[in-house]
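Structure provided below as C-alpha cells; questions to follow.
For reference, chains read A, B, C and D in written order, and residue numbers begin at 1 within each chain.
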C-alpha cells in the first residue's frame, strides 16, 4: 500500500464479535487500527494480539477502533471459522474480527491480503480519520511507536486536517 | 494421582515427533517431564510450552525426557491432529507429543486425563527414574521449583534410590 | 502542575551528559520528555529509565528531547553527584540529566520538585513545543499512552498550534 | 574455585539483615546460595537480586540459606555501607548480606572476591550441605538450572551423601 492513500475495501467473508459488518466508510472520523493475524502465528499470539487488546483498552472507542483481520495463508484447514471462534473465546478477544475471503482462484493468500499487499502476519495497519493508510508494518512494532502514530492521527483528527499526508 | 505411585499407562491415540510410540516402561532410568496441554489454551502457549522447551534444552536427553500430552477436553473439533501438527510446526516444538485418546463413551475428557485425574491444562507431571509420579501441578509452576524437582530426581537416580518417595 | 500551563523554570544544581545547561526556553519547538527519578528508586530503574531510553531511541532528537531530573528526596547522602555519575555510566544513560537543587531551608524535597508539585518518583512529565505541561504522571505509564501523547504533541507542533490545550 | 572443595572462609567487614555474623561452619547441613553482587551493577539488579529473592521464597530456610555478598570492586566511594543499607531497604531485600572486606593493600577487588577467584558480578555460588562449592557461575544463570542444582543438593543432603562431588 502506498501510505497516505485509501486502501481498497476489505473483502470479509464473515464478521465475528460484531452484529453488523464493518466498512471503512462507516469508520470515517475514527482512527482505525487493524491487526492482520493468523491464530496459529506465534508472533501474533505473543505480541500482536496483546498489543491490539492494549490499544483497545488505552483509547476510547469513539476515537480509535481496533479491528482484527484473520488473513489465513497457510494451514487453511486448521484455521477455519470454528477454530477461530474457539481462539477468540479462549484469548478473550472482544474487538471485531473479520475473516479475509479465501481466493476463489486458489491463491493461498486471501483476497484482502493480496489487494493490500500484506507481506505476512502479524501486520499492523493504521488508518487516519479520513480512511487513509498512514502506517503498515509487517512484524512487531513497539508500543511507543504504535502509540505515537495513534496520538498523531487523533491530534490531526481534532484539528480537522492532516499534517503529513499528501 | 497419589504422589509416589506409578500412574496407569497412558492411552495415546497418535504419537507425533517420534518414530516409535513411547511407553513408561521404556523410559525407566530417566526423569520424565510431561506437559499436559491444549493447543488453544493460553496459559499453555505462554508458559507451559516455553517451559517444556526450556527443560528439553537445559538437561541432557539421556537424563530427562520431555513429553507433551495433548489432552483435549474442549473445542475438540478445532484441536484435531491436523491442527496440532500445524501448531507443533509453527511453535517449533521438537519433543514427542502424544494425543490422549478421546473417550469412546462420550466423556469430553480424554481417557488418560481421566485416569490420571488431571484438573485441566496446563498440568506439569514429573516422574522419577523408577516411573513414579513425584510432582503433578495444575497451572503454572515457576522454573525454580520445576528445576528443583528435576535436580532432586536426577540426584536420586544417580544414587540408585529415592530419598522421599514411600 | 496545571496541565496546559508553562511550569516555572527548573532549578538545576549540576547538569550531566551535556556541555551546556539546558533551559526550557532553549527547548521551545521540541517536545520535551522529562523523567523525574531517583537512582535508588526500584520503579525508576525497572520502568522509568528504560522507557526514557526507549523514547530517546524512538524519536529524532530534533523533535523530542529526553531529559532526566534527579529529584532526591530521601537517602540524600547516598544519591550524591558522584554516585549518580556511577549510575549513569553503569546504566549507559546518555541523555542529559539535571540534579534538582537541594532545598537551602532543609526541606527534604529539592526545589524543582516542590515548585512542580511532584508527588514522588518516577514521574513522567511531557511538555509541548510551546513549553506547556501536557502530561504529568506519577508512577508507571505504559508505552502506548506515553507514545500517544508524544505523537499528539509532534502533530500539533507540525501544525503550528495546539488542539487541546487552553 | 575448584568445584567440590570447601572455599576459604569469607572475610566480611559488616553483616546486614542479621543479628549475628554468619560462618560457613554454622551453615553446614543446609544448601547455601550466595549471590555476589554490587548495588550499582545492572545485571545484579535486574536478574541476580530478583533470583536470590525468589530462591529465598521458594525453599524453606531450614534447607536453603540465601546470602548476599557485596563485592565492591568499582565505584567504591558510592557503594559504601550507608548506600547499601538504602539499597536493601528500597529493594526490600531481607536475606543476610555481608560486605566483602576492602583489600588493605589497595587492590580494588575485596579480599573474599580475590580468595574465591570471582570474575565479576553477578556471580552465583552454591555450596552443598557439607560446605563444598558445587556451582560458581559468573553472569546470569536461568532459574531452571539454578533450581536443579539446589534440588540436587537437597536430595544429596537427605541421603546423607554426595552423588557427584569427589
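Going forward, a residue touches a chain if its C-beta (ideal position, glycine included) is under 8 Å from a C-beta of that chain, and two chains touch if they have at least 3 such contacts.
Note that this is a predicted model, so its numbers are computed, not measured.
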Problem set entry | Chain at maximum distance from chain C, centres defined as averaged CA atoms | B
Exercise. What rotation angle, rounded to the nearest 5 degrees, superposes the C-alpha atoms of chain A onto those of its identical copy chain B?
Worked result: 180
Exercise. Counting in whole Å, what is the centre-to-centre distance of chain B and chain D, each centre being its mean C-alpha position?
Worked result: 34
For this session: Give, as an integer number of Å, the spacing between the C-alpha centres of chain D and chain A.
Result: 50
Problem set entry | For chain C, residues that touch 2 or more chains besides their own | none
For this session: Considering only which chains touch which, label the overall pattern as line, ring, star, complete or other.
Result: ring
For this session: Throw together a list of every chain pair that touches.
Result: A-B, A-C, B-D, C-D
Problem set entry | Contacting residues of chain A [partner chain C, same complex] | 51, 54-55, 58-59, 142-156, 158-159, 161, 163-164
Exercise. Along chain D, where are the residues that touch chain C in the complex?
Worked result: 40-42, 45-46, 74-75, 77-80, 82-83, 86-87, 90-91
